[in-house]
Each structure stands twice: as C-alpha cells, then as structure tokens.
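The following block contains the structure, expressed as structure tokens.
Note that the chains take the letters A, B, C and D in the order they are written out, and that residue 1 is the start of every chain.
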C-alpha cells in the first residue's frame, strides 16, 4: 500500500488546502496522473501521483488545509509496469546530515592569537585588566595590585575586584584553622598574598576602631536536632535541610527583638537597619573567606533560606557573586563547628556593629527535669561594638537565640 | 554496576565538589572529611550527586557509611539492584 | 636604489609580466591605443601586439567575466578596470563566479585571475568617480585583495599576484601614480609593514591614506606623541598579528580608512583589535574615515570629507588624552 | 557523424536518441517525486519538454569543446556524459555528488568533461563562455565553447555585451538559446520589444539560425552545422531553438501566467512522441525496442537514486576547504601556506 502525502513544493511551503480531487476511491491511477489540486500561497497547483494502482481511500476531504507530509490518500499498487516496479525508489528515512559541531574550524592557522604574553611589552607594572574592572576598582577603592586575577592570562576581572572588596571588609577570626590537607592547586603565590593583604588591612582597621565586647552562651540543641532529623525523613533529598539554616533563622528572628545589633556605621553615625541582611561567612576553596548577604532573612521561611544559603555558597565558591551581595550585610554569622572549634570570638566586619559565632555541636551532661542526661549542645558567641550596644543588650539577644532554637518548628 | 565503575563515579562526584582534590591521592579507607576540605554543605551536595548518579536515596542515618571512599563503593554497590 | 614614480613601477611590473609568461595578457578599457587611462600601458600595444593588449568595449561585466573564463581556460589575464567606481557593473561576475567557482564546484576549478583598478578620491571628480570600496572586496572569501601604497609594492606585487592560483584584486590609489619613491628590491603579498616605528599610538592604514598618516605622524612627533604607522598592504587576508603586536606595545590604536565609516574595513580591523588585544587597550580604538557623504566636488568640501592630516592628528591627540 | 546522416539516422543511432531522451524524461520525473518527498531541496527546474534540444545539439560537440550551462541543466549534464548518479547525489547534497553537494541542482560541475557548470544568475555564464573561447583562440586551439541559456537571458546586459565582445574578437562561441517563451512567469511578448531572438545577432554581425526545438532530428542537423561553422570560422554563432517546458518554471509555481490548454497544445508535439513517430515510419524502432529502453532507463534512474542514497555527507569541518586553492608554489618572500587566511574563530 503506497501513501499519497501532501508534497513539499518549496522550502517556504508549510501547508496546502485541498481544492479538488480528480479521482475517487476505487478508481485506477497511473504514475504521472494529476489526481488532486492544492491551494498554496502562490495559487492552485496540480499534484501528480508517482505510483500506479487503485486509489484505495481518500483521507483528507476537499476544503481542508493540512501541513506538508500529511497522508492524503492510500493507493494499492497494482498493474505497475515492470519499469515502475524497478523505478520505485528504496527510500530509506535518510540519515540526517551531521549537526554543526560546537566550534566550526577556523579557516586557517590561528593568526588572531593575541600577541606573545604581555611580558614582551616590557611594562612589568602593567596589569592585564578589563576596563570595566579598572573602573570598579576605582569605585570600590580597591588597589588592583593587591588583587589576584582569575581572568584569561590571569587578567583581573570584575569578580576579582568584588571579591577583594568584600574580603577587605571581611574578618577572619584569628583562630581560623584549616584542615592540614595538602591542596593540589594552592592559589598562585601572588593571588594568596593579595587576598591576605586585603584581609589584613580590614582586620587592623576593625581592631583599631571598634571597642569589641564578647559574650558566650551554651544552647541545648536537642530539640532542633531531633526536629531536623524527623523533618529530613519526610523530605526528598533535594530539599534536605542543614542545621546551619536553623541557626541563621534564629539569629534573624532574635534581631527583631534586639534591632540595635542589626545596624551599620554610615560616616560617623550608626544607622539601625529595617531589613536583616545576614552576612554568611563562607570559606573559599584554596583559602580566603567571604561573607555575602542573605537578604531579608526574617521574611523567608526555612526552605527558602536553605535554597538561598546553598545558592550563595555555590556562587561564592565559583566567583558568581553580585556586588550588592558583598556590600550590604547588616550583621555577620560565622559557624566554625565543622572545623572542630567549640567557641568563636570573631572580629566585627566594618561597617557592621556585631558578629555572631557558633561552635561545634557536642554532647554534654545536661540537667533535664532535674535529671542529668547526655545532651547535644552548641556554643553561641556574640562580638559587639561597645560604642553602639552594651552587654545587657547582647545578653538579651543570645537568650532570644537560645529560646527560639527550643521551638524549631516555629522558625 | 561493578565496584570499579562505582568507584570512578564516586570520585567524579567528589571532585565536582572539591575541584582541587586529586582523585589519585584520595586514600580509600581514610575519612573523606579529614582528607578533603569538605563541610556539611559540600557533603550534602556530594550525597545529592550520588543520589543523581546512582538513583539511590541516602537517608541521613546512612551518612557514616559514606565516610570513606571504600564505604561509599560498598554502600552503593549493595543498594544498587542491578549489581 | 633608483627613484621611480609609482606609475613607472606599475608599467615595469606589467612589462615584466608580459615578457616572462606568454599566457599573460592585459585586457581593459583603453589599455591599448590610449595607453591606459593612467598611462601604465603606454606603448605596450606596439610592443606586444593587439592579441595581448586588448582594448575592451565598455562592458565591465563581459570583459571581467571573459577574464575569469580565460583564466579557467589556461591563460593568466590581467584585467584592468579603469576605476573601482566602474567595477560595480562587474560585481556579479566577481562575487558569483570568480570568488565562488572553486568552492562551489567541489574544488575542480581554479581562477588564476589578476584584476587591477584605480581607487579613492581627492581629485575633485565628485561622488561617482571618487569611491573607495576596497572594504567591499575584502569582505569576500575566495579572493585576495592587496593595496600597494609604495613604489616598491607597486613594482613587485603584480608578479606575485600572477603566481596565485586564485583571483587577486590590486587597488592602486589614483593620487599615487605621479608619486616618486625609492624602489626597493622585493616585496610579499601577505604581511603588513611598519612604515614608522613608535611607542605611544599604533596607526593602522593602507593605500592612499598611508602618506597622509605619515605626515600626521610627523606633526604628532613634534608635539611629543610617538606614532607607529602600520601599512596593511594586504586587505584580505589582514595580517592581524603584526597589528596586535604593535597595539600590545602602544596600548592605543587609530585606524585611517578612506572608506565610509559604517561597515568599513576600519570597523573590521577595530573588531579584530578588540578580540585579539582587549586587555592591552587603554582606550577605545579610534577610526578616521571619509565623512558619510557622497564625495562633494568643491575642493574645500572634498578635503574636509576625506580622512585628512588634521583629522588624523586630532583623533590621535584625543586618544592619548584619554586614560583607560 | 556528419550533417547528412543527422537527418537520416540509422537504427542504432535512433535507439541512442530514444534512450537519451527517455533518460532525461524519467530522471526529471524521478527528481519531481523526490522533491515532493523532501529528499531534494532548494530550487529545482525541470527540463521536461525540452529534451530534443540537449539530445540534438550537445552530441555535436567534441570531447575538447567546452560547455557552459544555466540552472535548467540536468538534460545538458546527462547528455554531456555526466553519470546520473553524480547528478542525483548532488541534488541530495551528498559528497559523492558532482560538486561534492555544494552546488545542488543549479550548480553541476564536471571539469573532466569540460562542463563548466550551471549558473543561477540569468546570463551569468555568457561572459565566462566568451572568456573560455578567448583562451582557446589565444592558445591556437580549434575548439568550440557552447553556451546554453534561456530566452530570459536575452534581456540581460550580459547577453549584449557578450555577443558584441565575441563578434569584436571573432571568438568561437556557440550561443544556444533555448527559447521556451517564458522568463519564469513573464511571456516573451511582455518583456521583449522584438520577441524574435536570433535576428538580434545581426546587430553584432553574428550569423544566426532558428530551429524547431521539439524536433530532435532538426535540432541535430542545425546544431551540427552551427558547431562546424563556429569551429571552422572561429566566429560566434547564435542558434535559437524554439521549445517549450511542460512543467512549471520550478517546483513551487502555480503557473498563473499560462493556460492549461496552451500546455496541452504544446504537449501534442512532445519531442519524444514526435521522434518515435518518425522512427517508426522509417522502421528504425519497434515496440520491443521501446519497452527494453524504458526498462533500461528505469534501472539507470533507480541506480542513480541508490547511489545518491548511499552517499555520505561532507564532514562539516571540510566546509572551509577549497575556498582558496592550496598553493605550495615558490614565490620569493611569501609562500602562501594552505589556507593561510586568518578567520576570526567562529
């Protein structure tokens, strides 16, 4: 049985409307007969049939518009001459032509390669740096010479400047200890030294200007831990929660009770901030630390916070942070529990006025209903600017964090 | 899935979250967190990568079984119906 | 080395070509009896005969097409189109046959054809006789395009072009014919040349604009700006490495091109500098081109429209004043 | 084959003519079928109805003569000797096509048979033919360059420039005009002030003649005389063959410009039927001959399709090959290494 389909008559013909059948079902047709007329954009065109036989069945009535390739009728092949049998093309569904590979070949040996490394330009002090990165460095007050370049030919890019700008305002607590695993690709010597120089400058400035006071409390983490375990069982892996996100939410909500810790210096005046943008201290692979902001932490539920937290970590480590995320945290939270540290006495990131630290979760004897039981606990610390708040306010804040963590389901 | 195949897939997942890690140097029976700079966020991404690669669900209580490279391979081969 | 005019250099190149290869013949409007509209083939008709020095009817399509056919048929024709302005009538033969036949025939055909044409403005011939359309030709894959700006290039490029298996288009700026210069001893077809070394700004140009650029460079030198002048010589292919190497040293680039600015050869070179030397740039690439007007007849208007010395100097000074 | 035998062919010659005409007819019918199935794309201009011109004229050319054609060229290419498979594969866009799949139906090339291509620009080939003839004359070769084109080309400047140049320089060009009365959708009376074509040659002092393009024997005789004239006098000649295409200009054409009755009228003088009648009355051909030729042609066409189907696609990375000729010849300073033209990487 041969198919008679709406023929393709040209690249720009998509469909045709049947205006007439010249044969009816049951009639004989011969190869080359005009058996139908089709209306196209260019006018009515006679359609010939390429097989001889009996017109078995008409499937598309006159008046219908159908796309090219639509089955119009079936023809039972009969009475074909010997020639027509031979001539019937063994048309396989042809293999598609190969798709264009990603990169078409350059016609010739690559002559557009840039000039030999810029070293030939003899201008040792010359920094390969994109014009927009150069302008951003001027705006953020970053000295490009202290910034490790990650662009082509270690050129300095906008991200490098942003990272340096953030790092220069970031604090890394002196006791940062990284696991002593040999790193196959340590950041290139001058990159690490530049970042270290930027961090050193920020540390010194913070210590010089901010009179820190430090508070510490130990928090029963049992309720949070058990709630988290049950919650994760109910969830698919992709929506699994980390305990860090509970800490972040607790800090955000506690700040609503003690808003004066959620403030930044603007010139010589302290400005308490409405929105809580939590700067989350994230270690960058290969050394260095950066604290981009989780915006409006109070307005977001645990799931949203978890998603944004994961995204922030991913982008921080792949250099995809937006400059706004680096420049507007209102307080910073650092958690070094996983590095085996129980308590963190961090240094505040100017222009912020407080820093919250969390240590590792440990099991301690704990009195519950007058009985001593083994209990998971975590140590929370607060470093705060004594010019802005005093121990009393800090204490209220830490106890609020403690209280909030006892009812994890409400976070 | 043969153990060798599983091992190479686990190593691939590991290097995707710790790109600076050299697969050849990872000791099979030493705790991964001690060998590599991996925090809980990295470990969650590692578990998710295994979940995607092997199509197996990994509850948090099984995390200790994934502490070492050999542990991961055994865990994944055992729970893979086709192995 | 002797001093010759650009015209004499072209003439001796033509004579050498005709004498050294019997397949070579010259065809074009008034190349025979008239001696060539720029007198480059004066006396050749008597010397080489009407078979090899063929005056043609004013049928640019036909005689350029015939040149292509004769090249396919085993000859080595030199077709002279009086000026680039009349070449528009032959563009179909050039683009659809000369540049395309080899690729479209699956590599069966070569077209070893040389086409020479005068180009450029500056002689108050008004809009229809003052075009500079080298950029159109440099856009076409399948042909080569060169612009001899010195007597040495005018003397030696033709011989090299005749050895090419593919069509070569030689653009001779009309103002250069009477120019005298030192005749060197050799040339090539594909490399750009540093005509003046310098460290502050790279000035890329070709053909008739070379001499205005060199003049501007001297003015700038007197004002403490050290300009490196790069003569493209080949417009397709463009010798990008030489340009990029210069820009890597000066970090600033100006391109002088008598074509109209939009979609010009200068635009292509600027793009290649941006792509190849982006991190070397301290300022955007500047372009000095003809004003986008049909070339006016009046001298003061034409001078203003062309990329003149003053416009080149001010473009360079603006560039140096900018810091990245 | 001299002129006299042209009009009184013997049996063997008659069978050859019949085979050639049927080969074109069946090849073109198969092309139409494959186009409607989407196997052949782009533009397709069928030669059905004009077979007598190619079969009558092209064999008059010798092996060393040159031929420049136009986009309605399948008949020219097949009769010049191009294998049907190479032509079909070209229309499939395959690398075993005569132009490696780069030209398609309108750009068939076979330099080994001195078939210097179709040309999709109306009259684009005429100047080329003049040049080929110029090269032959300058190198003292007694050759003819035949240039085939439709009546539409007569309105192009290239036609007048080429005839003038060929006359001026006395070049051995046979300008063969296949006048099928239509330039796509415009009938000749509507685009030519004087629709008679061959008399235009007189304006350039070029000898000319006209022939009934549906009568293959008449074409054979006239074309042979024209080729002899060009070869012996090394002067151009314009031969106008009055013919007619039974199919649309190309595949996507509603033929609003002509009536069905006009087409039917011309089909009464189908060149194949016309020849068969003459051959039968002279007892040169019988029904068995027709049947065996028909089946042999069917096999040839089917094999051509199979050849095209089996063809490979040109690897995409080769697309930049042959933009220029690889050239290793010695030049003093600049050896143009292969493809040394820097392209900005895509």
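Following the convention adopted for this analysis, a contact is a pair of C-beta atoms (placed from the backbone, for glycine too) under 8 Å apart; a residue touches a chain by one contact, two chains touch by 3 or more.
Computed from a prediction, not measured in an experiment: that's the story for all the values here.
Chain closest to the overall centre, judged by the mean of its C-alpha atoms against the mean of all protein C-alpha atoms: C.
Once the centre of each chain is set as its mean CA position, subunit B and subunit D turn out to be 70 Å apart. Between subunit A and subunit B the centroid-to-centroid distance comes to 23 Å (mean Cα coordinates, whole Å).
Averaging C-alpha coordinates per chain places the centre of subunit B 65 Å away from that of subunit C.
Taking the mean of the C-alpha atoms as each chain's centre, subunit A and subunit C sit 52 Å apart. Residue positions 107-108, 111-112 of subunit A are each in touch with at least two other chains. Counting partners per residue, subunit C has 141, 237, 240, 272, 275 as the residues that reach two or more other chains. This structure has the following touching chain pairs: A-B, A-C, A-D, C-D. Listing the residues of subunit B that touch subunit A in their complex gives 18-22, 25, 33-37, 39-41, 44-45, 47-48, 51, 57-60. Contacts from subunit A toward subunit D in the complex involve residues 7-13, 31-32, 40, 42-45, 48, 50, 68-69, 81-84, 86-92, 94-95, 97-101, 103-112. Against subunit D, the residues of subunit C that register as touching in their complex are 25, 51, 54, 56-57, 59, 61-75, 77, 92-93, 96-97, 101-110, 141-142, 144, 160, 163-166, 186-191, 236-238, 240, 271-272, 275. On the subunit A side of its complex with subunit C, the touching residues are 107-108, 111-116, 118, 120-121, 128-131, 134, 151-153, 155. Chain contact summary for the complex, subunit D toward subunit C: residues 66, 68, 97-103, 107, 109-111, 116-117, 119-121, 124, 126-136, 138-139, 145, 157-158, 161-162, 164-165, 168-169, 321-325, 327, 329, 331-334, 336, 340-342, 344.
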